[in-house]
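Letters A, B, C and D name the chains as they come in the text, with residue numbers starting at 1 for each one.
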Amino acid sequence: MIEALGIWVAAGLTLAIMSFLYGDNPIYKFAEHLYVGYSAGYWLIYTWHFTIKLMVIQPIAEKQPGAIFLVIPLFFGVLMLTRWFPRIAWMSRWSIAFTVGIGAGLTLTGAIHGYIIPQVKATILPLWTGNGFSSFNNFVIVIGVLTTLIYFFFSRPHTGVLGKTSKVGILFIMVAFGASFGYTVMARISLLIGRLDFLWSSILKLVHFF
Amino acid sequence: MLKKQIPLAITFITGVIIVITFFIPHPPFGRLQQDALTWYSVIFGFTMLLGVDSLVRFHYRKLRRREKGWWFSIIFYGGFLLSFITGVVSEVRFGDAFKIGSSFMYFYNTILIPLQSTMFALLAFFIASASYRAFRARNIDATFLLVTAVIVMLGRVPVGYMLWHKLPNLTSWILNVLQLGPMRGIMIGIALGTVAMSLRLILGIERTYLS
Amino acid sequence: MNGENISFWEKLGKIDRRWIFLIIGLVVFIPIAFGLRMTVHVSPAVKSAYDTINRLPEGSVVMISIDYDAASMPELQPMLKAILRHCFDKNLKVILINFWPLGLPIGNQGLEEVAREYGKVYGVDYMNLGYRPGDIAVMLRMGTEIRSVFYGDIKGTPLDSLPMMKNIHNYDDIAVVVGLEAGSMGDYWVQYVNARFKQDMILGVTAVMAAGVYPYLQAGQIKGLIGGLKGAAEYEKLVNHPAFGHIGMASQSWAHVVIILFIILGNIGYFMERRRKRGL
Amino acid sequence: MILFILFSTITVKAFDTPNDGGGSITIKAYNVPETVKKALVYRKTEGDTTYTFAGVMSILSYRYVDANSTIKNGKPYYYRVDFYFPDTVISVESDSPGIAYAQWYDKTKTSSLIFLIVFSTLVLVFIQLAKKDPEGLYIRKIPALDAIDEAVGRSTELGKPTFFVHGLLGITDAGTLAALTILRRVAKKVAEYDTPILVTNFDPIVMTASQETVKQAYTEAGRPDAYNEKNIIYLTYEQFGYTAGVDGLMVREKPGAIFLQGYFFAESLILAETGHSVGAIQIAGTTAKEQLPFFVAACDYVLIGEEMLAASSYIGREPVMLGSVKGADWGKAFLMGVIGIGVVLGTVGAILQSAGNGALMNVFEKILAFF
């Protein structure tokens, strides 16, 4: 019985969200508010369990080495809560500043080590490989990278040679976007297939149930 | 001073330490990047309270003022309390609300999963309407976008193979070669922009939320 | 006569998008309801993923990272099942790990289902690490010792009491990491784990991400790439076990054709209108 | 049965794992015949009489990194590797013990360090130059940023609110920080025109930063009294819950202008199509390369990747900022130079190699390996 109820609820909510395609309506509004409310509560529990309990309480209770350093985020975490008290709310900026500092440091090194170096390395391709077709492919890749980078030059007017190459760059970008879009259509249809398959098998199950 | 200089100093010191320790494997520096991420999560945990508080108040205001559609805010509270209470109960009973078989996970499966998947599946419809409306050969840029999209769309499904048996090969070539350069260019550009932005933040040149 | 034509094309250009929605819905639904199927051709990127796993000696460890939730299940779950079938068929050991907590029950469900088919034993042939928060921090720490983050498995059993885990400590003990990705976790796997620990990786991604992660394949940072439901269908074909991926390909094909027809109609309408405006 | 073949050609070396924080020893085997089926590594240290099992060596790389938690820095460890052949097992001991150390510098990151130094120097130099001589600094046109004022203006004329929808990543993402810069500009215009704004947030930390940003913008516009914190709301930390919520707000409030800024995932198109259906001018910006095509298709203006990250300089037009953009461009030119030189070297090397001279190709491969 409880399983059948689950199927009814799941199938009903699926249809409620789909009704948004027709236009805003009370059924969608119901599902939307339930969704926002339920997931907000879900993530609160999630944060409690996985962040506060597992990352703060457990290491301190077990006296794990290095747990003492948790004082740092606890301090800034509490400072964040000063926003509830308008008079000292400005102190929360310290916490924002700290998170921004962490973010800046990590993304700076991450972008260089994880993106720039490997991708530049992968672009250094010989234009002659002994095979005409793969040589041509390498040529296309190198030109694609360079002209795209030219498009993202900001400090010079895009006129003359720079202008022409950046035009080629934007054409390459459009091809990439088209490819990405075309490729994605597939994924989106797959999702709908998954959902309609679920609806159809739910209907079959419920018919069978009665 | 306290309101502007100190935050700038905090960002500067934190950023510089994290960048330098990236190159030092020796303890205790080698682990600092990982620890910093944990610290970030902890601060995030505290801030979550502020977020939920803002959302709860938003709906409380609607209820109190009896704004249009106010009674949907009751649904919001219903949903919120359902997950919150089953979460607390499961957490107390099992010590872990995420244990398979808890009431918290039951509602997760019956409520959240269908909502999530259906919302995602709406994209199938929107991608069709967006293609219809936006893919017009207005100029040369748009034409390039349109033609590539159509080729790839066809080349990725068996029908494409039936139309022209080389179409999947052409699609593979577009994905592996033609679009690779610009994608990589965009990625390198974003990474460079990110490095420049991070530098500006650490140096205190970029300070959106401060002054 | 001419006047009627113009108004027809103009109307078509501004058609209520709900008609488009209805047609797409029908085109996808009909093959599902009537069980229509289509044949699939294997692409090199998927073949290369298959070969990477196929080459592994018996007993090697494959770590599969479940980095998706219910929303991407239709695309990634068939992939998970096909890869699991391949691993169990070749007597490889499987470790599941999760970076999306919401994917926890989904990954486990797929794992248990396929393991049952092959009569595999938990803790000996496969296991599930579960989830720990911290994303990149977790990935990096597993580079020295898995136990420094995962004290126990998904049920809390200490790792050392699972026979298969006795000799598994870090990435050096893992032959291949397969990331099934619906978000940015795949980038982290490549940028942190592949870059720092030279770990062999395969990515299985939602179709939307596939174009974006192709550079990794070309740069040799990943050994294979499985993209979307089509990729899953291709892998199903390679392991000789057609499943959900195959059923969906018919709906998929017809939906693509219909969308392309829409684009063509839209463009005819656009050019008719432009010609009329020039004429005036 | 274990056969000890004294004259086996296999050798095993144990050495400190380079570029790490200590506590790890690498064991590598050389001259291993291809017929080997598996290789098991055993460890012993001073005071041990027998070897204990350490792990399985990869038979592709013939390398094993022993990072067992018992390994102490500075202490010698002896290793034995058992190689399993179809018909026999050969045990080989390491010729000398391995001793683990912690390193102060990670050599594998030298290329990153060099780039970091070059790039930072360029940015700093151009910032100094810009301070000295602010004349002649240029930044190319970015239409999406020019359209901000127009969009807010039109929304005001129609008597509709302006929406600012944040992306899904936190404040550690550069795109999110750029979104805050754009929010500041939008909020300032909104304050000047005295029109309603609603900022939706996925991440609570971004919410607090948004509140500070909007507050600053209202102060800058001379209207600090009009600032209302309640207009900057958090929705839910769940991807599609957030999407459902924002969509609901869009169809009910019918905004005249919508800004979709930050890092988006699949929800990008749902948001953009719904925004379009309510007739809003939409300006999107993201560093999510996969989502750019959808914004390009469904929105009126789009900031493509790096354009978004240059937004603060474009909007502010302060010499220091423009200087940093110029420095970053030179950094880009430097990278393009590296690619160009590398490609030429590789091509000439490859041609020479096919003519029988592989010297240059060796140099080329060495350079690539350095990266």
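Simple rule for what comes next: a residue touches a chain if its C-beta (ideal position, glycine included) is under 8 Å from a C-beta of that chain, and two chains touch if they have at least 3 such contacts.
Since the model is a prediction, treat every value here as computed from it, not as a measurement.
Chemist: Which neighbours do subunit C and subunit D have in common?
Modeler: A, B
Chemist: Taking each chain's centre as the mean of its C-alpha atoms, give the chain farthest from subunit D.
Modeler: C
Chemist: Quick check: which two chains are joined by the most contacting C-beta pairs?
Modeler: Top-ranked chain pair by contacting C-beta pairs: A-B.
Chemist: From the C-alpha centre of subunit A to that of subunit C, how far is it in Å?
Modeler: Subunit A and subunit C have C-alpha centres separated by 16 Å.
Chemist: For subunit A and subunit B, what's the span in angstrom between their mean Cα positions?
Modeler: Their C-alpha centroids are separated by 3 Å.
Chemist: Find the geometric centre of each of subunit A and subunit D from their Cα atoms only, then give the gap between the two centres in Å, rounded to an integer.
Modeler: Roughly 13 Å separates the two chain centres.
Chemist: Please set out, as single numbers or ranges, the residues of subunit A touching at least two other chains.
Modeler: 17, 20-21, 29, 31-33, 35-36, 38-40, 42-43, 46, 51, 55, 80, 83, 93, 96, 99-100, 102-103, 106-109, 111-113, 115-116, 118-123, 141-142, 145-146, 149, 152, 173, 176-181, 183-186, 188-189, 191-192, 194-195
Chemist: What positions in subunit D touch 2 or more of the other chains?
Modeler: Subunit D, residues with two or more chain partners: 109, 112, 116, 119, 170, 172, 174, 177, 205, 208-209, 212, 235-241, 244, 252, 266, 289-290, 292-294, 296-297, 304-306, 310, 325, 328, 332, 335.
Chemist: Using the touch definition from the top, which residues of subunit C touch two or more other chains?
Modeler: 17, 21, 24-25, 28, 71-74, 101, 131, 133-134, 206-208, 210-212, 215, 218, 228, 230, 252, 255-256, 259 - these are the residues of subunit C that touch more than one other chain.
Chemist: If we count contacts the way the header does, which residues on subunit C are in touch with subunit A in the complex?
Modeler: Its residues touching subunit A are 18, 21, 24-25, 28-29, 32-33, 71-75, 101, 131-134, 187, 190-192, 195, 206-208, 210-212, 215, 218-221, 227-230, 244, 247-248, 251-252, 255-256, 259.
Chemist: Going by the contact rule set out above, which residues of subunit A touch subunit C in the complex?
Modeler: Against subunit C, subunit A makes touches at 21-22, 46, 50-51, 54-55, 110, 113-115, 118-119, 121-122, 141, 176, 179-180, 183-197, 200.
Chemist: Looking at the complex, which residues from subunit A come into contact with subunit B?
Modeler: Those residues of subunit A that touch subunit B are 6, 9-11, 13-14, 17-18, 20-21, 29-49, 51-52, 55-56, 66, 69-70, 72-74, 76-78, 80-81, 83-84, 90, 93-109, 111-113, 115-116, 119-120, 122-123, 137, 140-149, 151-152, 169-186, 188-189, 191-192, 194-195, 198.
Chemist: For the complex, which residues does subunit D have touching subunit A?
Modeler: 109, 111-112, 115-116, 119, 137-140, 170-174, 177, 205, 208-209, 211-212, 235-238, 240-242, 244-245, 247-248, 251-252, 289-290, 292-294, 296-297, 304-307, 310, 313-314, 322, 325-326, 328-329, 332, 335-336, 338-340, 342-343, 346-347, 349-351, 354, 364, 368, 371
Chemist: If you look only at subunit D, which of its residues touch subunit B in the complex?
Modeler: Against subunit B, the touching part of subunit D is residues 19-22, 102-106, 109, 112-113, 116, 119-120, 123, 127, 170, 172, 174, 177-178, 180-181, 183-184, 201, 203-205, 207-209, 212-213, 216, 230, 232-241, 243-244, 252, 266, 269-270, 272-273, 276, 287, 289, 292-294, 296-298, 304-306, 308-310, 312, 320-321, 324-325, 327-328, 331-332, 335.
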